[in-house]
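Below: a set of structures, written as structure tokens.
After this come two complexes, each holding chain A, first together with chain B and then together with chain C.
Moving on, here comes the complex of A and B:
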């Protein structure tokens, strides 16, 4: 009797002790990591990228969470430095145990974090454009919503052709896209019997007078810019001062609103910009506008909004909460014949019938190596200091 | 959590190697080297290129990294022998930027701003991430111990004494018959070798090198580590490096206590804490936490 009682007691107390941890496994929040540039060069984009992710998570939690559990955002700062980003990513993976890291921006940061992600089987969704990223041996643990550099440059090159260019030029700083840009334009020039000249300048200079003189020697009538905002301001001013009268097209992240504010209207008059077009007509885009409280959503925040939705839906589809679940279910919910959904809350409700997520940055369909396909581009023309839509692809 | 701890201990070890290297150049011989990130990059790139493109074994790659950095240090100090103080600082700062520009633009050698990925780590492919971090941590800590022992020997040896004499009064040291120019070059080369060793260790641990990693911010962190720990004190150098990593990483965990703050504000608080600590240390311990003490000559008993 006494032995039985003791056994009973031991058994009961063991069960009582174990219960919280068993319950805990069911009710512990699911963690998603945001790794955006909150400080440093990318600091203008990172905060709203993070807020977009946070907004999605709040909406999902308000609607009852994911798999009956709360979703929690853990946010870290890349400081726009691969060295700092690696340490931040290790914290997200090893301490917080996030299922996915969302929103890495600079290509060098994504490449530095990538091996940690696939070795620990954590999903990495980025907005970086360097072609080399998806060529890494990532086993499906990387995908990106940013069109790769080759697609971007080809689109710009075709635009220059359409607008009647006959003598091309490329001028920009050294980036993962520089050589590729030159190569693509040289190919287009060779096919059409145009001339083509290029120049890689040093970033962080206060004047590009001699570089401008050099590139204008070949008398280009259409120049493609390859810099970032800081050097593009200087370059556009120097091109204008040198009396260049041909056409110019630059990436929208380089000829951005702050550049337009800084420069006199005469300088930017007639300059084209191009970018992967967010799906401005979509309900997803409207949702991001509401989350961020702004009219113009930048392409990166639109993309991280999609990152959050995609990872939540993929976890729900696979009924798991790990990077593996996202990796193996991502394409199940992002493409195919399922019902079109534009946010995770609707998607969770309609999941059983099969869904195809199409978000704020575009249709969000991925190929085998994790590159985005079917991105649309928008070209804008700057007039009187304001960029307005010129054409779409 | 353990894996994270081990990884950061490894980073602290790498920072400690950098601080020990800087301690020989600046702490002992008094030559300001703001090009620290450049030597770090040389070691990292030399070892990465050797192991990835030429498929050398890691040990050989690391040795090559050390030699390249030491040679560059020797040559640079030879060229700038007559410069002191601010002027030497400018030259070395320029050197650091030069290395980064070369790494960015000489795409055939360094793969440009894409960087070199897939740098092999010891047994990396056959280990779990946790086990790999443990191996890397053990290797780096033993390396720091060896580097610390060597630094300590230098400090106590007649060579170290001569270096301190040169640092405090170059003319007096020359008058006393010390080969000032030779000693300065040697000290710079030895220090640079340690910086290169740190770079090679970083490359193999991190498996990726790119020009963006070698921005001057790293140099500032290491100067902070050494000044906070105690310039000229080898123990201080190691302690300062651990302190810097502890600050950089520890501040991540204060964010949950400020729930009302946005992500940007929390990120800024981290930077404020790091900056404020530096100011406090400089204000209250201007010679560092472990101030330099002249060592007893070798061979004397307690």
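Moving on, here comes the complex of A and C:
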């Protein structure tokens, strides 16, 4: 056998050996990862966030899959803890080889997971608000459907002014957006010649009586809360017991239905909440309602529903199954002049003509650094233990 | 500084509540000679048992507290028998690590049964009373009285009952106690029963003024441990003093530190004690 023939033989053998794995790669399921807080302080939201993603994937698979392949969901729990989230993200990236990680909730968690995502060129879609997240050098591998903290606090600050505040206060736990929240509120107070006091407390304490005593020394007439549900429930109780008679506004994820169920109605009476308004009139929202079997969809499940649709459509548009494909094609399918679609199944059918995905959380248009644009907010007023719409922006 | 009297009152009330699980923790250490970190999940179990008794069965606070005590005590005995007792011959470190694993298992069992949602007791909430510029909540005062009653019962039981004396004997010198006819295994079980019962009752008392979730006990583990170490691991009066030091120290710390660093008081107290008085304020085995 000549050298050439031996080379040919070796080449043919290698090709024959590699063929099954290459063919296998073409038929292997496409993996998407969900990294939601199934436990910990975000545990109220995590399970339904995951179920919304799962529902989208089921619908796509029933309609024939993506690029002729089945899509599977690999779900992990962040435990609302950066350390646990990093371990889970490593598993999703290194072991499962997911194209995208969807649904990180707490800003501290997203911040911790972000470098793993962009270093492995895995797309990360989050619902976290800290401004610093999209300012990281993520090379387009991060986007969020949650408005950033600066926009959120500005919106809440303007609301407080409209409601007649003259002495502002911010009290919340240590988070990546705590300092920024205080800064934004101080700026608003300075522009209007109002007083402003702030206090950052430690998470996971069983009482905030002393912190309440301290913040009430400035006699605020409007307090903005900056915690999560577990500490907010303690704080609201302590404020009420201390006899605070002013107004309170808190993020809807902190003053959530679980908090309203837990606290006596007197404690939450007159408290305002605000949140990015889901597109409640949209077909996408109705689809999430059907998937989850609930009437009121929380904003985070609406957002993770959009994460799943966006990932699938971006991979279909780029005819690839990697994080790179999603990163390159995300804005191609989420904004522009294409036909409006509200779910991946319709989007896959209409892809060739150009599409613009508009989902359950809103239009899903992203700026250059991955921040959502065009978010509207809804303010709710709690009365008799029930939150009802007060105003919209 | 005008906040000082208020912070002192807040600290005393928090310290007295913290003392109950700290007594349980240190009693178990005194007799079984290992730090049982599963007190975290047993505090959670007590809090949820109390919740079930109060909200589902409609029982008032004191019967619900007894139910919390009994449930946590029973779970403590069973879990100790299954998970920790077989590992104790391998050393205190092995048993301590196993107790951390146990607390994760038990916490997740609570999560499986009750879910992640926050839950509140069905108790009337009242505004605080104000006297001489300081405020005290009626619920807080009731909790304080209950905590003091529990502490009194524990001290009387240890001093005057045969069981209490047997526990003290085993804590002081297990070999000598065995020579006197005291069964250390039985006393160990009794200690776990009463220790975990106290932890469960403490978990409910701490939960009464707030809300509970599967992480309720986990939030207390550092102050409980710090209280026991500061007072002297194995010393019951020491754990009460340690709880007061931690409780008052945490509250007063916000006069000089950001409230973000409250828990650092516990660590700081442990470091100071380990440097200047490694056996704690009262020393160990002052059962």
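To be clear about the criterion, the second predicted complex is superposed on the first by the 370 of 393 C-alpha atoms of A that agree within 3 Å, B and C clash if a C-alpha of one lies under 4 Å from a C-alpha of the other, contacts with A are read in each partner's own complex, and residues count from 1 in each chain.
Operating definition for what follows: a residue touches a chain if its C-beta (ideal position, glycine included) is under 8 Å from a C-beta of that chain, and two chains touch if they have at least 3 such contacts.
If you're wondering where the values come from, they're calculated on a predicted model, not measured in any experiment.
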{"item": "Partners on chain A (chain B, chain C) - clash or fit", "value": "clash"}
{"item": "Which of chain B and chain C A:174 touches, first, second, both or neither", "value": "both"}
{"item": "Which of chain B and chain C A:384 touches, first, second, both or neither", "value": "neither"}
{"item": "Chain B versus chain C as contact partner of A:229, first or second or both or neither", "value": "second"}
{"item": "Contacts of A:111 with chain B and chain C, given as first, second, both or neither", "value": "first"}
{"item": "Which superposed partner A:39 touches (first chain B, second chain C, both, neither)", "value": "both"}
{"item": "Which of chain B and chain C A:237 touches, first, second, both or neither", "value": "second"}
{"item": "Chain B versus chain C as contact partner of A:209, first or second or both or neither", "value": "second"}
{"item": "Touching partner for A:264 - first (chain B), second (chain C), both, neither", "value": "second"}
{"item": "Contacts of A:200 with chain B and chain C, given as first, second, both or neither", "value": "both"}
{"item": "Set intersection of chain A contacts, chain C complex versus chain B complex", "value": "38-39, 43, 46, 174, 200, 202"}
{"item": "Parts of chain B lying in touch with chain A, wherever the complex brings them together", "value": "1-4, 7-8, 11, 101, 104-105, 107, 112-115, 117-118, 129, 206-208, 210-213, 215, 217-218, 248-249, 252, 255, 262-264, 266-268, 270-271"}
{"item": "For the chain C and chain A complex, residues of the former touching the latter", "value": "3, 6-7, 10, 14, 108, 111, 116-120, 124-128, 130, 135, 137, 206-207, 209-211, 213-216, 218-220, 251, 254, 258-263"}
{"item": "Chain A residues touching chain C - in the complex, by the definition given at the top", "value": "38-41, 43-44, 46, 174, 199-202, 204-207, 209-211, 213-214, 217, 229-230, 233-234, 237, 240-243, 258-259, 261-264, 266-267"}
{"item": "List of chain A residues in touch with chain B within their complex", "value": "34, 36, 38-39, 43, 46-47, 50-51, 75-77, 79, 81-84, 86-88, 90-91, 93-95, 106-109, 111-112, 114-116, 119-120, 130, 132, 136-137, 174-176, 178-179, 200, 202"}
